[in-house]
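Here come two complexes built around chain A, the first alongside chain B, the second alongside chain C.
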Partner chain A sequence: MTQTIALSASTDALLRLLVFPGLLFAVPCAWFLVWLERKAVARMQQRIGPPFMQPFYDFVKLMSKAWPRREGLSGAIMSFWPLLAVASAAGAVGLLPVLPNSGGFAGDLILLLALLEMPSMCLVAAGFSSRSVFAEIGSVREAILSVSYNVVFLLALVSIAASQHSFRIEALAQSSASPLRWLGVAAILVCLSGKLHLNPFSLSNAEQEIYAGPLTEYMGPELALWELAHGLEWVAATGLVATLVVPHFGPAWLPPLLFVAAIAIIVLLLAFVAAATARLAIDTSVRFYSRCALVFAAIALVSALWIGGKL
Partner chain B sequence: MNFFRRLVCTARRRSPWLFHMNSGSCNGCDIELIASLSPRYDAEQLGVQLQGSPRHADILCVSGPVTRNAAGAIETVYKQVPCPKAVIAIGSCPATTNVFIDSPTLDGPLDRHIPVDVFVPGCPPRPDAIIRGIAQAAAIVAERRRTAEGSGCTTEVEA
Partner chain C sequence: MNTLLLLIKNLFSRPVTVRFPAAPPVRSGYRGLVEYDATKCTGCGMCAFRCTSRAIVFRSGKTDFKWSYDPAQCTFCARCIDGCEAGALTMAAECPPVYLAAGALKRAYVTPRQRPTPPAQPAAPAAPALPGTAPAPGEAK
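Our next item is the complex of A and B:
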């Protein structure tokens, strides 16, 4: 009996990772979000923008490019980082409760946060293992930026979790949205620009300025995997916000539709900010997160801990 | 197999990524290349993106008459672009060295150093002409094989 339950639980976990909301759903969704962001920026600059299938064509083209083997252990390590980034980003998407009553376990929010952080750490490691000067500069920038926005990001999520006394995503998604929740969501939204390397916090992959940042030495299929990991990061990060914002109600087909609509709106918002701003220098970015957003998130946390129970 | 081959051809034709290299240009052609990506001409409709690293590019765009300093760098960058790849010579300078012909500081024209696929003449060429050249180069890349025997296409990586 226990074996059957364990078997069905593991099949369920595999289905979530590979089919819905994991890879089979997340990959087209990632391409759609990448296209939406590029198209939205293009429309705001009064351009027509890329065709709908563009991210798919880019992926196929990169997969078909030459891929010279690198020698030795350092080459193997370099090829390992994009695989790890894709796997952890796909795992993060697989944890999102897109369907109501889709299970989950106590503390899955902590696992989601760890998985969301992995692509960024892989990027830092990849930049250093490629041993290009430009990649190393990009990695240092990414590491500094990651430390500064993650303090805010974690405080905001802890404040939301503390106001509901739960680290389970499903429980957070089902509880009603309070004013405190909106404060936390706003703080998370401020962090997403940094997390997704968008303007004004695009300094880690500052194109042309430091060539291509940490990915300067990557090419062909490895680069395609990085692009895919970035797209999946889009789905996971915006999906987390959508989970916290979109209420679960109505028939079973409605929540996934609302989910996709909500992440599309968040992407449009981020694209608007990206198109309207210029890249900030590293000290300005860190100062922004430590002064403005950190205060914001700290207020949310304190109010969640002290008055959250009474609301 | 045939289906995959056609899919790859379409993808390569519709996603040309550029790396721009100035080999002693007066900046006139560089400005026109940027103008072809600007709102008025919007080459991104064809999937064109200007990439920061030659490792990410499919098409190498070279402007300028190839000064002696730039000659070695051009060969290095050409080897860094992964196969299949194409080269566009933007403007009259890389094609013929233009008004700088017989200058002792030059080592041009471009096709003495790397094989050139598309020439876009003009001093400077119009953005429309550059976009047409990119589209032609993308069609050439689409038909090329990844491991081209005989065509001498190689990609070098630092170990």
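Our next item is the complex of A and C:
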């Protein structure tokens, strides 16, 4: 009986990782979001933008190229980072409760945050592994920026989770939105620009200064995997916000549609900010996030004290 | 605020770029592909001499000369056009076509060298009459 339950749970986890909302759903969704962001920015700049299938074509084209030959341990490590980034981002998407009553476990929000942060850490490590001066500068920028926005990101999520007495994502998705949650969601949205390397926090891959940043030395299928990981990051990060904003109701087919609609709206919002702003320098970016962090740290602290009954 | 209004306006207005394979309209004086007129070329090779990107290659032989042009290397600077005194080179007033194979637009012409036509001989000046010589027939006395 116990074995059957364990088997069922592992099958369920595998299905969530590989089928829905995992890779089978998340990969086309990632390409759609990447296209939507590029198209929206292009239209706001009065350009026609890429065709709908362009992210897919880009992926296929890169995958069809030869794998770069890398020798020695450093080469193997360099090839390992994009695989880890894709696996982590896919795992993060698999944890999202797109369907109502989709399971989950206590503390899965913490796992989601860890998995969501892995692609960024892989990017930093990849930049240093490649030993290119442009990649190293990009990695340093990404690392500094990551520390800056993660303070705000984590405090905002802690404040939301603490207000609902739970670190389970589905519990947060099913609970009603309070004013504190909307503050937290606003803080998370501010962090998403940094997390997804969008203007004004796109300095880690500032193409006019340091080419592709940490990915300067990557090409072919490895670069395709990085692009895929980035697309999956889009789904996971915007999906987390959609989970917190869109309540589960109606028939079973409605929540996935609402989920996709919500992440599309979030992507449009981020594209609008990206098109309207220029790239900030590293010190300005850090200063911006540290000021936000102070506000939301106070909110999170008040929330935690409230739950502890000390107010 | 002006930026936000501009973005919203752009979002609902027609894009200024076009989707491939459509090409944007060109204006007069547009520098397209270099076109060669073999009937006018004198084979001086000045175009190849002036071509800094080595898109034009000129090979001179005794009986003919070969003129070749690779648009992939051309920077469309029009220095060859400016240097062609015979007017054998012009530039197409349309966007260069898209090609999928390397060297697909490369062109070469072999033109037989024409025997230069001798310039018309000017009439020889009349030799001054030496003292004691008979004047030429018809010469006025």
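As a working rule, the second predicted complex is superposed on the first by the 296 of 311 C-alpha atoms of A that agree within 3 Å, B and C clash if a C-alpha of one lies under 4 Å from a C-alpha of the other, contacts with A are read in each partner's own complex, and residues count from 1 in each chain.
Assume a contact is a pair of C-beta atoms (placed from the backbone, for glycine too) under 8 Å apart; a residue touches a chain by one contact, two chains touch by 3 or more.
Because the structure is predicted, anything quoted here is derived from the model rather than measured.
On the superposed chain A, the positions of chain B and chain C overlap enough to count as a clash.
Applying the stated contact rule after C-alpha superposition, one finds that A:M44 touches chain C and leaves chain B untouched.
In the overlay built on the shared chain, the residue A:W306 is in contact with neither chain B nor chain C.
Legend: residue contacts after superposition of the two complexes on their common chain; A:F249 is shown touching neither chain B nor chain C.
By the touch criterion stated above, A:F105 is placed in contact with neither chain B nor chain C. When the two complexes are overlaid on their common chain A, residue A:Y57 makes contact with chain B while staying clear of chain C.
When the two complexes are overlaid on their common chain A, residue A:A275 makes contact with chain C while staying clear of chain B. By the touch criterion stated above, A:T216 is placed in contact with chain B alone, chain C being left untouched. Comparing chain B with chain C, more residues of chain A are touched by B. Taken together, the two complexes place residues 42, 45-49, 51 of chain A in contact with chain B and also with chain C. Interface of chain A with chain C (complex): residues 42-49, 51, 272, 275-276. Listed in rising order, the residues of chain C touching chain A in the complex are 3-4, 7, 10-11, 13, 15-19. Residue ranges of chain A in contact with chain B, taken from their complex: 38, 42, 45-51, 53-54, 56-61, 64-68, 70-72, 75, 131, 134, 207-213, 215-220, 223.
If you check the complex, the residues on chain B that touch chain A are 7-8, 10-12, 14-15, 39, 42, 44-45, 47, 50-53, 55-56, 58, 82-84, 146-147, 153, 155-159.
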